[in-house]
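Order as written gives the chain letters A, B and C; numbering starts at 1 within each chain.
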Amino acid sequence: MEYFLQQLINGLALGSIYGLVAIGYTMVYGIIGMINFAHGDIFMVGAFIALIAFLILVAIGITAIPLALFLVLLIAMLLTALYGWAVERIAYRPLRGSFRLAPLISAIGMSIVLQNYVQLAQGARVKTLQPLITGVHTLFDFGNRLVVQISNIQILIILTTFALMTGFSWLVASTSLGRDMRACEQDLKMAALLGVDTNRTISLTFLLGAALASVAGIMYLLYYGVIDFHIGFVAGVKAFTAAVLGGIGSLPGAMLGGLLIGLIETYWSAYFSVQYKDVAAFSILIIVLIFMPTGILGKPEVEKV
Amino acid sequence: MSAARSEKSSVLSHALKDALIAAIVAFGLFILLLGFLIDDMRGPGQLIGRPVLLASVVGMVFVGRFLISLLYYNAPALRYWLGAIWAAISAFARQYKWQLLALMFAAAACWAFYSPRDWPLILIIIAAVFIGVRFGFSAALLVVAILFPVTFYNNPYYLGIAIIILTYVMLGWGLNIVVGLAGLLDLGYVAFYAVGAYSYAIIAQTYGWSFWVCLPLAGVFAAFFGILLGFPVLRLRGDYLAIVTLAFGEIVRIVLLNWVSFTNGPNGIGSIPRATFFGIPFNATDEGFAARFGLEFDPTHRTVFLFYVILALALLTNWVTIRLRKLPVGRAWEALREDEIAVRSLGINPTNTKLTAFAIGAMFGGFAGAFFATRQGFISPDSFTFPESALILAIVVLGGMGSQIGVAVAATVMTASFELFREFEQFRLVIFGFAMVGIMVWRPRGLVSTRDPTVFLKERKTISANHVAEGRG
Amino acid sequence: MTSEPILILNELTMRFGGLLAIDNLSFRAKRGDITALIGPNGAGKTTVFNCITGFYQPTSGSIHITHDDGEKFALEKLPDFKIAHRVHVARTFQNIRLFPGMTALENLMVAQHNTLMRASGFTIFGLFGLPIYRRAEREAIELARHWLAKTQLTDRADDPAGSLPYGAQRRLEIARAMCTRPVLLCLDEPAAGLNPRESDELNVLLRAIKSETKTSILLIEHDMNVVMEISDHVVVLDHGKKISEGTPEFIRNDQKVIAAYLGVEEDAVEAAVRA
């Protein structure tokens, strides 16, 4: 029981990270209908930027952790958002309205570029960060050293994700940018005809998606303390799986999918085998899609004859 | 006069403005990742500043963007001149076709006279040019492929690259059936390549059967896996199918990595039996190929043999695809890519049609895998990762979906440039990635985007890409 | 040759969530006839087509087809492609669905898929170019040539379907459906978007199909010139219900139909129905 609860907490923390990355996939897919394969690498770039920013802050003497974290968050979101914007501008905008597979290949190209650029710039070896946020709280004590604990970093991850999700849902539901985004999602051409600046809306979508991915990158960095240029691929595939599982195009779906993938992975590792945790996640994706072809919260596709 | 000057200066100031913006963005992008290096060697958390690197990269972006902007704003004039020059050259070449050929022949003769060792290279060039002029580009390509080992017999490095290229040509053609003809987006094609390689390796090692027995078996196993995957998931559409095939590819790789008792896990399978010349091994013994045919032993014999094996396999793939396109099943694939609902209204079972595309594509992937295993003598899960699938898909899309010749050219260009610039490592990969983006922006539908009809009443007219659908499956 | 009607719809109902698209609809189409299905927009005509051709599964009710030799088929349980393949029901679409990147001839060849598939020994004979397949392909091209001539598309046979003008695309879709050798041809607004001359040519084509083949036709059409001129029997739908049925002459003068088309208030129509 205590083991089960402990894994629940671990799974939620991991799932929150996946969920934040999944939002970027789902938003871009919703608006321009493409799989942004470079998004996982944006997440990785975000983690690197955060690490370097933190080291710079330490070097110039800002060591108070809450302040440093806040600044790192700000810098990383800003600069990573710039990466999101640049990728869209270079690789996707010239292909708008083109053949469906062209942006996909272009995105794969961008993903190769980002990975190897980071490897060139920072080397292939893993980079580490000593644990910044320590301390655990015991939630339940069953005696005999059977305890359920939640660490401060897990609390931070879950709370930040929750806050960002709330803020983001509000943004999509109640601001004029959100309205433009929803209009573009329904019908890009019609939205443009009605005076929505679609290029700007799409750019902002990429900016926001990248900013959220950078937060996920920071969380990953704080949680695991180890990053390399390759983390983007695995996390990207998982997050995209999460987005599809939840129903691509749906924001709550992305979060739900992220949490599910996180939980499946954690429980599978805990009770069966660590090696096959990804197989479990992917198999569940396949099974869910067979029975719900548009994901859990996706709108069922009505076949128009 | 003054109007022209002010126009010129406004072009200049526009270009400068663009360049400045680009430089600012570049500064934002690179300040942390290029401006600083995390130096773990000196201890945890050490940073090294690299202001010179940062400044030079930002400067390069500034200059590059400035030049591009200048070109862009002057594009009409530039396009006019380039077009005029090209038109003049091609008109000249068309008018004096035979004279030019004769001139080339003379030049080749001179070359052969002064450097007799190069005659095979000269031969291949002359043959390619003549065949190309007479029978077209595909025929020239085929002649080059057939003569290649003759020309480069003494250059095992080039032979090796040529074998890799042909493997990718074959993989591209195999995936072209699924993506190009049937319009089904498959991001996990490498799984079938892996199944072929591992089934060959395991069967050949366990039972000691020869390459020519194991090859069809590997194809059958891969096709079986294609059906196994396809059966439940082929009613998914578009990107859902894409992610499921990607997931399937990862599942196969992870299983290969972790089922140690069967696949030897991450260490891979070594000492896979080498291909034999229909039972005669390529070694220095009395039973070997060289001794049997009265030749001096030379390891290149095996390489040349492998070259012709993969050439034959690739041509088989091509021949089958060309035949299938003209058969009802091939037409049904293309129809499915165009409009699935209409296909169903005509009494065609969409699931079976997709399954055959999946299975046949997978089978050729399996053949290629078996070949890969016997060529390398060693396989491990590292050879079957997602980037490999992405590369094969990129070959198909860059070549032009459904076009056999386009895929062959794309495979050649991509693989060759990839292999030849190996010393540049990551740098070449960055450029490679940008090249993929660039080609897509330049030709979103690939090098050859037209479609040849499979049957005609009076005349065969090439169909422009505007009409050809890309498939939603 | 049996005298049974080719098509019998019995108490067909189709519900989408809360929306009742077809409400307890029954009618018959006589063998060899042209039966027209008319009604205002949103009356549920295309839904009836989709139920007959298997693209939708009806909520309840039955659809029966009887072949010339007396063989009977229950369509409500069969998937779409089996209805086309086994029962030989062909259809066209309201928003034309050709294979735009394939030539007109190729479109007609795809329509003969099942015949050719059998002749190609499920691809094996075909792969090696055996004579049995080559003969079948020649015959298929002949059939295609016949229907291209009938639809005046012979000159455009080698052009991509997507490049044809609108009217030609409509005709090609009919030719493609005919190449499946259907017993029942369902045409969804074949005259939509045609100019008067093209619409007259369509009448000629449909009459030719009626007189020269054994194909019965079920037709959805808004163009009353076409409906009145060529149909033998007319069924009128409104709000998913059958409100009238009879010869074109009878329908033309039916008050209920006129009320439905002029959009009179609901109760007025009901009064008319009762009357």
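Assume a contact is a pair of C-beta atoms (placed from the backbone, for glycine too) under 8 Å apart; a residue touches a chain by one contact, two chains touch by 3 or more.
Note that the structure is predicted; figures quoted are calculated from it, not measured.
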{"item": "Centroid comparison with chain A (C-alpha atoms), farthest chain", "value": "C"}
{"item": "Central chain (distance from its CA mean to the mean of all protein CA atoms)", "value": "B"}
{"item": "Gap in Å, rounded to a whole number, between the CA centres of chain B and chain A", "value": "31"}
{"item": "Whole-Å gap separating chain B and chain C, where each centre is the average of the chain's CA atoms", "value": "45"}
{"item": "Rounded Å distance between chain A and chain C, as computed from the means of their C-alpha atoms", "value": "50"}
{"item": "Two or more partner chains touched - positions in chain B", "value": "341"}
{"item": "For chain A, residues contacting two or more additional chains", "value": "303, 305"}
{"item": "For chain C, residues contacting two or more additional chains", "value": "55, 93"}
{"item": "For the chain B and chain C complex, residues of the former touching the latter", "value": "320, 323-324, 327-329, 331-332, 334-335, 338-339, 341-350, 356, 451, 453-461, 463-464, 466-469"}
{"item": "Touching residues on chain A, where the partner in the complex is chain B", "value": "29, 35, 45, 48-49, 51-53, 55-56, 58-59, 75, 79, 82-83, 86, 90-91, 94-95, 98-106, 108-123, 125, 127-130, 233, 237, 240-241, 244, 248, 273, 275-276, 278-279, 282-283, 285-286, 289-290, 293-294, 301, 303, 305"}
{"item": "Residue ranges of chain C touching chain B (in the complex, touch as defined)", "value": "53, 55, 80-86, 90-91, 93, 97-103, 105-106, 109-114, 116-117, 120, 123, 126-127, 129, 133, 137, 141, 145, 148, 154, 157-163, 176-177, 180"}
{"item": "Residues of chain B that touch chain A when the two form their complex", "value": "25, 28-29, 31-34, 36-38, 40, 44-47, 179, 185, 232-233, 235-237, 239-240, 242-244, 246-248, 250-251, 254-255, 257-258, 341, 386-387, 390, 393-394, 397-398, 401, 426-427, 429-430, 432-437, 440-441, 444-445, 470"}
